[in-house]
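Both complexes below contain chain A, partnered by chain B and then by chain C.
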Partner chain A sequence: MIQKKICILGAAGVGKTSLTAQFVYSKFSEKYMSTMGVKIDKKMLDIDGIQVNLMIWDIHGEEKFKKITTSYLRGAAGMITVIDGTRPETIQTAHEILTRVHTDIGNIPNIFLLNKHDLTDAWDISEQNMAELQKYNNPIYTTSAKTGEHVEQSFHALAQLLIS
Partner chain B sequence: MSNTHQHEAAMQELRKLLFEQESARIDRLEELLSNQELHAQEIAKVLAEAVKIRSHSDNKLGQALTPAVEEALKTSIARNPQPLSDALFPVMGPAIRKAIQSSIATMLQSMNQTLEHSFSAQGLRWRLDAIRTGKSFAEVVLLNTLLYRVEQVFLIHKETGLLLKHIALDPSHHEDADVVSSMLTAVQDFIHDSFSSSANQGIESLRMGDLQVLIEQGPDVVLALVCRGNPPLPLREKMQTTIEDIQHDFHENLQGFEGDTQPFEATDLNLSPLLVADYESKTKKGSPFKPVITLGIITALIITWVVWGHRQQANIDAQWQAYTQQLMDTSGIVITSYNNRDDKYIIQGLRDPLSRDPYELLANAKLSPKQLELSLQPYQSLASPLVLKRALFILQPPQSIILSLQGSTLVLNGSAAQTWLDEAKKTAPLIAGISQVDTSQLTPELTLIERIQALLQPTTNIQLSLDKHRLIVSGKATQAWAAHAKKNIQNITEITQYQDRKLTLIDSPAYVLKQAYKRLRPPSTVRLLMTKDMQLIAKGSASDIWMVKAKQQAKHIAYLKSYNDQQVSLSSDIILQRAIEALQPPESVQLSLSNGILLATGEAQQTWIELANDKATSLDGIDRFDNQVARFIDEAAILAAAIQQLQPPSSVSLSFSNGILTATGSATGAWISSAQDQFVLVDGVHSFYTNNLKNTTEGWTDIQRMINQSSITFPNSIARISLDIQKDIATVAAQFQQAQRIEPSSKLLIKALYSNTASFITSLRLKAVQKALLAHGIGNQHLRIISHKTDATNAAETIHFALEVETKQP
Partner chain C sequence: MNHLPTTLFQYLANHSIQQLEPAWLKLEKHSDIIIDMGGTWQHYSPKIPQTGQSATTIFDVLLGMLPIHESFELPQVQLKNEQYTDIFAIQDNGCDWLLFCDVTQNTLQLQQYQQVSNDLILLKAQMKQTLHRYIGHEVVARIEQGEMLLDAAGERKNISTLFVDIRGFTPFNERHDAQIVMQTLNDYMNCMLPPIMQHHGMIDKIMGDGVMAVFGVLPSQHHSSLDALQTAKQMIQAVHQLNQQRLNQGLEQLGIGVGIASGEAVLGVLGSHERRTFTAIGRHVNLAARLESNARVGEILIDEATHQALAKPISFTPVTLTLKGIGQTDIFSQTLPCTSNQGKL
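This part shows the complex of A and B:
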């Protein structure tokens, strides 16, 4: 069995916790998120016959936890950057996060999740936005924590990246 | 070709000469290499040394050999496990023995602690805790005596927070260990960053209740111990040593760690020794005397209980012995045997039927009859008391005879009928214990009447007389004496009949009531009653004088306990008489009384009526006053009062009848008006008629005459007022205004008659006339309008006017 620590990051309210909740078994309650700025869950995946235990650190997106976030990132094997598809300004937050991660812990495997894809009427991601994200050369998935769209697949994809 | 061949042979010869020895060695070596048997022999010579040298240099030989060795072991065990078992026994045997010893030691420790606390107060409290929490008592004892116990050990990769190895006392704790490990790391990070501690500082412990997490940091790993209780300081040293060992042993794995935790399974050996526990009993031995003291107390209680039981039994035995002794001392009872068997007391012997009842004695001794098995055979005792008792029972002597015993001689004292004496003399010697009868002390027999008088003791008011065997009692006696006499006379056998019809019972209710009537002499309106408890009750009505006297007399009636006259009321005649005296009604008024209601009829002055209303109900015996007296009217006096009040001129004549004052003759309008205002002041006058009184004011009569002759004639079916009609109305209005100036109380009468079919048109015409008059300042307050149906067909076409002075009606 391989264990991997991954961090899930993004601006406040982009749906990080909802995505995680769709995907994982939870032992700790949501209150950890608001008190410590992190909640840790785990998910066991089978990737090409290899048991991979993902330890998912769901890190709070609010400003007040920024200092602590760096510590939480330490030792992460990969990360998921979540963007709210109905709020293009969260792409900017994603840029900032990635810059910080690269500075603090280096270049680690990352995937982008454009969340809230079920809100088609409010969807506001332009071609230009997509082009900006594609510059990172990281996989991009449209997801919906509400319907479960691409949630499982995106976590699998990250796990695949980690053991390849 | 030939040269070549020759040349080759020459070279061969030359080689042989030059390298013959070397060639032989090469051949040997080739043989050595190609011949496996020889090759194995050669390798065998150096194999041990080669393995030894290679093992020292690195561990690749071990790795290479591992599959082969594992396969070989499998094959060996599959073929025959015995050799390997024999080989391992020296190693496994002690290990197994050690494990078993450890388990037994733990169990004994648990038992020791359980026993040690079983009888103490604390032990009882822990037992309650065990019942409450559903845990075993031993478990509760262990928890309470626990100094500390390491329940879980986490080996965590420092940088990633990933769990490398986890061991726990309770295997169920394994489930979420990886998440806990990460969270523990996050908590450390959180605290570290929140309080800005230096990089070298880390959290050393976390505490919650009796749970404590001890944390020791290594360069690459973090060791966390979850402990219950208070772990000692040496445990930290042990943790540090463990980290050092792991850092050393797994240096390469830690350096290249990429999430594979498999290599760290081997840390089990390092971590297991950390799962330690220490209990109170190891450091603080309980007092060895405690169980002994507890046992002593229990023994003492048992002894006390046994002694108390014995004493109780001894007391009961003593009570039974006392009872048996009492039986022995009782005349007529002989006890032959007494013993106690199966919680029963068996008493055997003899008993004279005339002796005391043994069960009565048993009840007095407050012993249970269920425990008594009594067997007493009947016999006749010769003891004096029983002989005398037997004589009394058989001879049945009269009350005048007293029996006594002197030895075996029955002595008779007193007097008795000769017939009884003869029978007694004959029967007595036949009674067991009596040999002869002594009659020397007998006195002469009294006469029958003397005996009766002696027995009944009558008072002087009682007369007794005998008619052969019949006793006749007469005179006056109390009920108690009569009952006493009736009962006791039965003792005089000669009296067969008792007659007391002529005996008056002076304390009987009937007799006392009779006496009350004689003494109180109540009037016919009073009835006397006597209750069973001798209370005299008077009911009805009487004079108060009789009531007072009766109360006095009642005190002197013998055997009367109380007198009650609350139901006697004063008699109606007296009340009425007193009412007449108090109210003094005039002759025209009649008073009568019935059921407390005083009725007054007739007629009287108002002043008497008011006086009577005030006083009547305050008189004794009168509950209500029904005053139906009509007020007496003196018409002459009222007329006189009216003349006095109105002061009529001589031309006016006043008369009064049935409340109506009538004025006739003639007077000025001013007097008429004044009289109409003042007649209400005359008491008794309710109306004042002035219709027949002529107003003599100058001019007024002429105006009256002119107005009285005025009328308006309307064309058929037209309500509208024509100009001619308006002129007629204006004339009447002017005349009326003149009359008003002379006589302000003047009224204009408008009288319309209408046929059956013209009521509506007539009402319209009247309204038109009213409107026209109002235009001249004559309002409705000065008008009196009369309209009524008539059979005349043309009546509706004319409206008549008249002038009148208002007549005031009350």
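This part shows the complex of A and C:
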């Protein structure tokens, strides 16, 4: 068995905790409880016959007056950057986080999740937004923590990146 | 550091340390092996660390972090539900240290503030999008299609203006904490905004717990008065339903009151290219606002012009009111059930 630590980052309220809860417990709640500091969950995955114990660090939302401490990312093998597809301004936050992580920790495997895809009416991601994200050359998934769309797939894809 | 008399320093130190419930591990230099330990470990872990063990086997939180290459800090790590600890990794001469300090109380308090601020971020984004969708885009499109004039004088049109607000929201706001207030406001707004859109109205402004909407600007098959009246009825019905749920949940019920007036208004778009906002200006707009402020819970007050345009529905009874700044006015009133135990608000 191998253990891998991954961190979930993004602006406040983009759905980091909900994605983790959907992935680990297959649960979703409409109620919003802001994460303080960090909460750690675990899930065992089977990646091509290899048992991977994924330690998921669900970190509080990045905000103007409360930046994420990059010490949380020590020892992380990979990261997930979450964007709220109904709030394009959360892409800017993702850029800021990644820049800081790259400076403090270095380049670690990353995937982007454009979350809340079930909210089709409010969805507000433009071609230009997509082009900006594609520059990173990291996988991008549209997800819904509510319906479960692409949640399992994206976590698996990251785990795959980590062991290959 | 500010010099404190030893007794006071001792007192303060003991007091703060007690609250933090510190627990520590002494690690072999450049390794994860425990060589000594102390403090209230039972507070942090079901497994009590032993000398000779790897610290990582006790706390998988530390995975990938040991040995300690430089001192660092992990603030507010949630260990169990509702228990938070700060973890300090400290380099020393000849050994390394790990220090755990309980910060649960402080964190739970901060959580409350954080929640309010984050709820606001989401609510603001939602409102911005709603406004942009229903005012911005449509108006901009109509201007581009030449259906609406953009000159400084604006376009004259017969419209109906509706004002609605939540009765007793200000005292409610003062009695409850911000998180509950925001959630409640959101719930009531969800009763008031959708009917406007369904009846081809446009939201002109959202003012705290009140909304101004205009009818007769966007295309509709009905007269603006009818659209406005249907909106008002649907709003009250939706609030009534919400109040029934709130009654069952033992929550306080709030009512709404509506004022509608019709007449000529100058329509225009104000502001710069990016931030154009639509607005209606006219004598009847003030009248509608006055009517709303006189309406009781569940009451719809309409002016004579609206009543006329609706072909004088018998469900409305005539009233004469003295309105501030306007004087004696003949108007019409209808009251619908709005709270689940009316009169006993």
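Just so we're on the same page, the second predicted complex is superposed on the first by the 145 of 164 C-alpha atoms of A that agree within 3 Å, B and C clash if a C-alpha of one lies under 4 Å from a C-alpha of the other, contacts with A are read in each partner's own complex, and residues count from 1 in each chain.
Criterion: a residue touches a chain if its C-beta (ideal position, glycine included) is under 8 Å from a C-beta of that chain, and two chains touch if they have at least 3 such contacts.
Small disclaimer: the values here were computed from a predicted structure and weren't measured.
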Chain B versus chain C as contact partner of A:Ser71, first or second or both or neither: both
Touching partner for A:Tyr136 - first (chain B), second (chain C), both, neither: neither
Which superposed partner A:Met1 touches (first chain B, second chain C, both, neither): first
Partner chain(s) touched by A:Ala12 [first = chain B, second = chain C, both, neither]: second
Which superposed partner A:Asp41 touches (first chain B, second chain C, both, neither): first
Partner chain in contact with A:Asp124 - chain B first, chain C second, else both or neither: second
Overlap of chain C and chain B interfaces on chain A (superposed complexes): 3, 5, 32, 36-38, 40, 42, 55, 71-72, 74-77
Complex contact set, residues of chain B against chain A: 157, 159-163, 176, 178-180, 182-183, 186-187, 189-190, 192-194, 258-262
Chain A partner contacts - residues on chain C that touch it in the complex: 60-61, 63-65, 72-78, 84, 107, 110-111, 114-115, 117-119, 121-122, 125-126, 129
Touching residues (chain side chain A, partner chain C) in the complex: 3, 5, 12-13, 32-34, 36-40, 42, 55, 60-61, 63, 66, 69, 71-72, 74-77, 86-87, 89, 122, 124
Residue ranges of chain A touching chain B (in the complex, touch as defined): 1-5, 27-28, 32, 36-38, 40-42, 52-53, 55, 57, 67-68, 70-72, 74-77, 162
